[in-house]
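Given below, in the form of structure tokens, are the structures.
Look for chain A in each of the two complexes below; its partner is chain B in the first and chain C in the second.
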Partner chain A sequence: MSEGLNYTFLIDTFFVALSGVPITLFVTIVALLVALPLGFLLALTRINQVPVLNWFSRIYVSFVRGTPIIIQIFIVYASVPLILSLFFNRYNININVYDINPIWYAFIVFSFSTTAILIEVFRSALSTVNKGQLEAAQSVGLSNFQAYRRIIIPQALVVAMPNICTATVNLIKATSLGYAMSLQEITLKAKVAANAGYNYVEAYIDIFLVYIILCSLVEYGFKLYEKRLRRYKYASA
Partner chain B sequence: MLKINDIHKSFGKNEILKGVDLSIDKGDVVVILGPSGSGKTTLLRCINFLERADSGNATFGDLQVNLHDASKKDIHAIRQKTAFVFQNYNLFNNKTAIENVTEGLIIGRKIPKADAIAIGKKALDKVGLSDKYDSYPSQLSGGQQQRVGIARAVALNPDIILFDEPTSALDPELVGEVLTVMKNIANEGTTMLVVTHEMSFAKDVASHVIFMDGGVVVEEGSSHDIFVSPKEERTKKFLKRVLPEDYTFYI
Partner chain C sequence: MRNMEKYFDISYIWNSLPVLLPFLKVTFMVAGLSIVFGTFFGLILAVMKLGKSKIAQKTANFYTTILRCTPSIVLLFLVYYGVPALADNFGLYLHDLNTAVFVVITFTLQFAAIMSEVIRSAYESIEKGQFEAAVSVGLSPFQAYRRIIFPQALVVGLPNFGNGLIALLQEGSLAYTIGLIDIVGKANLIIAANYNTHALEIFIALAIVYWVLSILIEKFFGKLEKVFSKGKQTINTN
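Showing the complex of A and B:
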């Protein structure tokens, strides 16, 4: 029995964990690409009290927010193949549902859960922009679409940025649950490497380090972008 | 040039406008006076479709619209002919002074950017802000912000500018600079419809004064008619309240 940490393994596994970063980022980016526009549109339906859609987003948010992501993963990972195989059998499509790359399930779960969070982020951010901004834009002849794009969204985005950053970082961390559906991301890769020699402590330290580096970089990027967005607030005369 | 007929507007059960008529000719400076809650601001907002009236008609030059069910196209056409100066300025917070002024020109009226900037600079010069082109609203005082608001309206070269209590949100010592700017553009022949509590402005500048109370026009006439020889009891009471005690001496 060796004493202390196995440093060689620690260093080797760090790079194994690191090799999961592209998958983690890929899932994160796809989820954001779906959730940002969808969350924004659904937030608009809530603010403008659009019938039906407004109710839909409200119920959607409380369902997704009120359930652990791991359960959402289990449900999607278990039920979607069932539904698909029924569908494929019925229409004689020759695809084996169990050959589907789990990344597709990851896209579904994380897009859905991030959308719910971003609906609330955008809703609160949009409500901080005074109604007078829209009225002023209309009064100088801008359409609603132009007013949102040029006046309201830039201001709401400044308010939303810290929360979007939090949502993104939470999303990156949540993708670690992807191991439950054998998604080849950071956590799974390091854990698998640890299985052979029971070097779990080393593997967990590596996972820890990779996430903290990744999340710090993302936070730093957001901070820079936010600073650029909000220059109108603190510009010196 | 602008005629409003029998405009009605309620918020819930609260009837704010109970059939108001209004007629403005080119070059007129019409001032609407009246106590809070009399419907002055609502009237102004309905003209620019910031609120949708329950009923009523507007004739704007050769354009005739129903204020309740005007189409998007009509609303756009009316907004092209009008400009609005808000009580709380409502400058675009994410734009500099010059961008605030040119936004409506470039995006709303499709004027080439270089021309828009020239027009915008001229408008800001007119309100005495030639050194503030690139300042953001957060860097300007209330009076300066409202002057940018007026420049934004003037730059559009509208047929009429609607002023909604333009000095009510200002510190007393900043009111003067805004009123001076308003007087200047009035003297240039700009058609203006002004809701204000500034009696001196109404007395000195208005070509026509309207006194509103309880959602109707109580009395209207020249500023001399209203201030010196008001006929209606409500008008007299209101003037007594808002003018200095020895107002007879003033006049």
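Showing the complex of A and C:
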């Protein structure tokens, strides 16, 4: 093992790991597309204390924040096929549950966990907007929907952006656990390439580099967007 | 419905809990060591970030950024395979080392990055005037830190420390991937012994254990914060 690193393998596998990026990004984007609106709506139920939904979101957030994501994956991966096969049997639908692409499970797990994180992000962001803003908007004749769209959300978004960025980076990192669902993303692809020659050190260095590049780019992108959102905000030091 | 029972039997949840819980000891031991070492290195990193040296600042910030961008599982395997390979170059043979050591190294590295930010932000939240005032009434710089700065920074840092702890505990659940028999490792052994049936019940039992633990830690830090902030007077915003 002490012959040092296998550099040709290191370079070749870097591109293998890179080929997993589209799947990682696809899962990330789908999870965000589900979680952003859903998280926002559930955050509104928390703020407005909507009876049943308020409690539901509290327990939901507490569960997701209280359990490791790998265990959430285990539970979804063990339960969804069970429920689906019962459902398919009952209605005589001829689909084999084990033929379902694992990416669907990934969508479920990561949307599920990201929604909970974003509920908290939006809740804290919305609570930073002064209540007078909504009242002022209503007093000049805007409807509730207009007030949220034009006055509240733009202000809350500026506050929420850094946290949404953190949530996105964490989501990208969490997709590395997709191996547990045999999702063909960065980690699994490089690991499979390493299996042949036991070049695990090289493979993990590649995976490590790909994640650093990916997350740095995402963070940079969010920073640019945050600047754009802030353009109306004056009187800042 | 009878069909369902064949696959899902709730008694497996209750029966597995007494088997699983003793293995929390391993989880706690690994987490505890990582917290001790991680806090220590985190303090060093925070001092580097707050110090005057530009190189030290850059190094510490670079470290934190890199660690923030690395998934725990990747870091875990990088340490698991990388440390013994690196040690080979120095003539050390570390391939037989207990897996717990690699787990502790990984989570120490990660917790240090979290703690450095917790400590830095807590320290920066205390006004400079506090230190100057303390020194002006005759306290030595060390006394000023110990009696004035530290108690105030502690209150600010506590909730973040609690969140870091919960994060560490959760990321620690990945230690089973390199063969550590902690609570998750034991759960997987139980499932294997059941010929991969009733996995769902065991995983639900695991989720319950982690959920309860996280809530307890959160409650504990909430209480602790109240105790330490007893001397603090702020505008009541509630």
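Simple rule for what comes next: the second predicted complex is superposed on the first by the 231 of 237 C-alpha atoms of A that agree within 3 Å, B and C clash if a C-alpha of one lies under 4 Å from a C-alpha of the other, contacts with A are read in each partner's own complex, and residues count from 1 in each chain.
Just so it is clear, a residue touches a chain if its C-beta (ideal position, glycine included) is under 8 Å from a C-beta of that chain, and two chains touch if they have at least 3 such contacts.
As the structure is a computational prediction, the values presented were derived from the model and not from experiment.
Touch criterion met: A:Gln155 reaches chain B, while chain C stays clear of it. By the touch criterion stated above, A:Gly132 is placed in contact with chain B alone, chain C being left untouched.
In the superposed model, C is the one of chain B and chain C that contacts more residues of chain A. In the superposition on chain A, contact of A:Gly141 is made with chain B only, not with chain C. In the superposition on chain A, A:Tyr204 contacts chain C only, with no contact to chain B.
By the touch criterion defined above, A:Pro51 lies against neither chain B nor chain C after alignment on the C-alpha atoms of chain A. In the superposition on chain A, the residues of chain A contacted by chain B and by chain C do not overlap at all.
Residue ranges on chain B touching chain A, taken from their complex, read 48-50, 76, 79-80, 82-84, 86, 88, 90-96, 103-104, 107-109, 135-136, 138-139, 152, 156. Looking at the complex, you find that chain A touches chain B at residues 130, 132-133, 135-143, 146, 150-151, 154-155, 158, 232-237.
For chain A in complex with chain C, the touching residues are 1-2, 4, 62-63, 65-72, 74-75, 78-79, 82, 86, 89, 169, 173-174, 176-177, 187, 200-201, 204-205, 207-208, 211-212, 214-216, 219. Within the complex formed with chain A, the chain C residues making contact are 3-4, 7-8, 65-66, 68-75, 77-78, 81-82, 84-85, 88-89, 95, 166, 170-171, 173-174, 184, 199-200, 203-204, 206-207, 210-215.
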